[in-house]
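There are structures below to look over.
Below are two complexes that have chain A in common, paired first with chain B and then with chain C.
Entry: the complex of A and B
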């Protein structure tokens, strides 16, 4: 009796299981992913294709191997909730009363002041249950109150991003360079964290101009040193001290440097989408919308305004 | 002559045990093909060490070679990894695998000429790929950085080497299969599958967005666990009993380890914080934890095989390497299981703890096992002892020390770095600068390992030169002498 082919097939299928599980199945789920709705500006889809120069910059980023030191994935370890008053309505005295109930340590004057400039944060850093309870108390007063979702975690506390990175953030990138090291800081949201193009140019030319003990290598080969012509170039880097070139010369970014900076500025993972809502609307509280929508919406409808 | 079908692990495409080839003849049939692979592997090992040193030194002096785009960190580091994986590990693994397949099947190596051609083509592919990385044509996917003009060459070269390997297996004269053959056969089949999947889905017909990262993680994990892991384990299961002259403790435990590794090994590699649907990292974690089963089976099996043979460690240098490799495999496996838990990976994932773990697996397990195999096999192939036993001992000492320095300092430094990164009060620059001293000790480890690798390359070059002199010089003299005599007359 010859078991050979059977055993061979068995081993092959055992190995191929991981292929089915991780390669094939994930392709079924995400292979045709489309841009999703931007929750703040519902007319716009997310993500948008990066502008042309930034797309060229992605190639510079790939070619120089920037991902060897920089990750592009914000981690999130938990979430907390804020309650904000968006519209005080007309029944102001009732709102103030409720406010004092919800926030026992506040004085009446403080409560009055909160009403004046909506939106105002009423409760900070509370649990979902506490937030929902507060919203329920405001319900009869006619004031509009919303629950804001605040992502938490070391990366977010560090200011690297506002929410966790999700699959959508990388939809149009080719290659998608998530990185696996943080020798340098995470860059998932660097475009909104550091929106100054000049700063990025200086930092690329010599990182120690910006961070004195940086271990990032300088990328001087992305810049061109040339004699100043009739008048200095408006693009020339403003360098001082030991970083300045000799008299009569100026440092100008090459196309590659411009593209790379454009790419860095295009890295913005801050849009609120379905997976990472920024606000919670309380379902089934006297709204006349049908309560039974799809499953996640029963808990968090991801609409922005109530 | 089919084994009476009693043992289920007997596969039988009609082996003819009547005509078992003697070991010396098998070695002679392997000589040229395996030596070409091993010599090229040793050369790539030195090249990779050089790249590794440059990359490591950049932590001390960011300005080093900074004005040359070829040697920027983001290019040198992948060049090192690719030279090590495709230049050294793949060729050393294939060379040793071919020899084991021939020896275990008690048959001559089939078509060694094709294998030599395949090996040369493979080297052309690796050279082109590493050159492509240095000039900036990298694909941007970890461990698959070689550009699209190099990978098809590698694939073709692999086929030219792999088909004779399978034919050799098919023509085996020994009816009973040993567990090493299982491992080797699975590895030989699995590499083209993962390599073509990864190249097609990432380089030639790229999938969308974050799926690229998923395919890449899957590829890297399979390359480690199934391809390198299986070849290394095949060598350990072959050489440990052979060099201690004791039978393997349990064939069934070995088969259990093999089948559970085949089932669970390929799923790891997706870390818990990844921006992908949550089921992927969860599956990955579950299956990585399940690899504890094969790990325990291997530990028991090797331990029982080895107990009582400690004295043999003093006699046999190759055995030292192989035992070191086995211990490193178990350690790396245990660390992989620990690191898959979200609580732990939250601290260590983005830090230098990860390269420490990779190095323990790649160098501590795979390379050390291969070194042991090379030190045992090459003298058989060339029928000549190593010119310097001292260099072999130096290699072992340097590699062990270097690895201890490297892995020890980088894991401690990595954990410190991770704790700092997880504390938002610590500014980012501080998170790297505080454990910087650890990373600098790591460079010392790099330096020691490089010195060890040079010992191997020198010894091999010396051996080859001596053989060359012994067999080529008389031949040339014989050809030249009559003419010289004529000229003198």
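Entry: the complex of A and C
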């Protein structure tokens, strides 16, 4: 008996099925992904293309094999809800009464104090139903109360990020440096949790300057040791003790180091988009001073306000 | 040893062939059950194959329910979009809502024009624009002209952006409804040109 055609068909269908499931379906789902504006908080497109230096930094990151020890994917297993009072309104006694009803263990003095400095968190870590019920109770008092969505999960508990990573985060990366091992911490949000470029430079020069027990290898070849000219370079690393170079020399970052640092600083997964509901604390745009930076001033309040 | 080539070899056993046996019924049942369970799992955890659904959410509706769809929260967010991207109010009135006093662009933060309990006047300003001298927060401005938005923005957009500027930067005035904008749009339909502040002051806030 000749089983050739049967075996061929079996293998063909097994491969075709997995191709459809793993490649074709993914392409249908995400192949046409575009930067989106959030339905709710549509002030900006997300994601933005990384700046040029950071895009070059991606290649440095790749060539140094950083992805072998660092992942760039934050997981999220659940979410919890807080209820916050953003404005006490004018009918303060009614608000205090409601507050005591919603939060039976609080004393009247504590309730008064919560009213003084809005926004104040009234309930922490409650279910959606409880949060909505609390908001409904405040409605007749004229106070503004909002439900805040807080993503939770082991990675978020470690402080690695604020929300899970989604496909959009990698839209302009070619290739996406997802990584799989976590010898070092996850870097998906490193630009927003460690925004200091000097710290990253020092850390790359010798990780033990920053974390004394770090197992990360030093990347000194990204830096150049040279004689101090007439004046020390403003970019020179501020090194002390055993890490300092000999007298009259200074350590300055090369282009690769600058690019890599720019790339690390551009790794931010802190914008709430439709896929990742969360409440981002609104940066305080002071009304009597111009914004300190030209960064987009806190584009996000994604609270479920009522 | 028989090496004579003329002699035929001894008769041999025929080549063995493969037989066949029916696959056991329990195997089919097991595969069918696994397939059924797999489908059910995909159905409940696949998020409907929607690219916008990630764990821990199970459906696009569940994700959508996390966001405010109605009420002041949603209007505020939509209004922020109008302020920043659509009408670009931000260019003159600034992200801080303080305006640019040097260029005679008045502030919106703490402005009594914005914060009036009834939004009649501020709706008129957005619809037809404004020019000439105006006093805002006790300061004199000589506006060189805010453009009219009557034909560019919808009632909904004007209501949203007003709701936004009325509750951002510490402002706290009630939200503006699209119906209010529509009423005033109809009332001032034939009006040519921009408003003057004096003219607006003659209009009752509630009108």
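The rule is short, and it goes like this: the second predicted complex is superposed on the first by the 265 of 306 C-alpha atoms of A that agree within 3 Å, B and C clash if a C-alpha of one lies under 4 Å from a C-alpha of the other, contacts with A are read in each partner's own complex, and residues count from 1 in each chain.
Just so we're on the same page, a contact is a pair of C-beta atoms (placed from the backbone, for glycine too) under 8 Å apart; a residue touches a chain by one contact, two chains touch by 3 or more.
Everything numeric in this text was worked out from a predicted model, so none of it was measured.
In the superposition on chain A, contact of A:9 is made with neither chain B nor chain C.
Contacts of A:136 after superposition: neither chain B nor chain C is touched. Touch criterion not met for A:249: it reaches neither chain B nor chain C. When the two complexes are overlaid on their common chain A, residue A:276 makes contact with chain C while staying clear of chain B. Contact with neither chain B nor chain C is seen for A:108 once the two complexes are overlaid on the shared chain. In the superposed model, A:23 lies in contact with chain B only, and not with chain C. Of the two partner chains placed by superposition, only chain C is touched by A:87; chain B is not. After superposition on the shared chain, chain A has more residues touched by B, the comparison being chain B against chain C. When the shared chain is aligned, chain C comes close enough to touch A:149, but chain B does not.
When both complexes are overlaid on chain A, the residue A:78 reaches chain C alone and has no touch with chain B.
For the contact definition in use here, the residues of chain A common to its chain B contact set and its chain C contact set are 1, 29-30, 33, 75, 77, 164, 166-167.
Every residue of chain B that touches chain A in the complex is listed here, in rising order: 2, 5, 8-13, 58-59, 62-64, 66-69, 72-75, 77-78, 136-142, 182, 185-186, 189-190, 193-194, 197, 201-202, 206-215, 217-218, 222, 226, 259, 262-263, 265-267, 270, 273-277, 280, 283-284, 287, 346, 349-352, 354-355, 417, 421-424, 428-429, 431-433, 436.
Here chain C touches chain A in the complex through residues 17-18, 49-56, 63-64, 66-68, 71-74, 76-78, 80-81, 84-85, 94-98, 109-110, 169-170, 172, going by the rule given at the top.
Only residues 1, 25, 29-30, 33, 37-44, 75-79, 87, 144, 146, 149, 164, 166-167, 274-277, 285-291, 297, 301-306 of chain A touch chain C when the two sit together in their complex.
On chain A, the positions that touch chain B within their shared complex are 1-4, 7-8, 11-12, 14-19, 21-23, 26-27, 29-33, 62-69, 71, 73, 75, 77, 154, 157-158, 164-178, 180-183, 185, 207, 211, 213-221.
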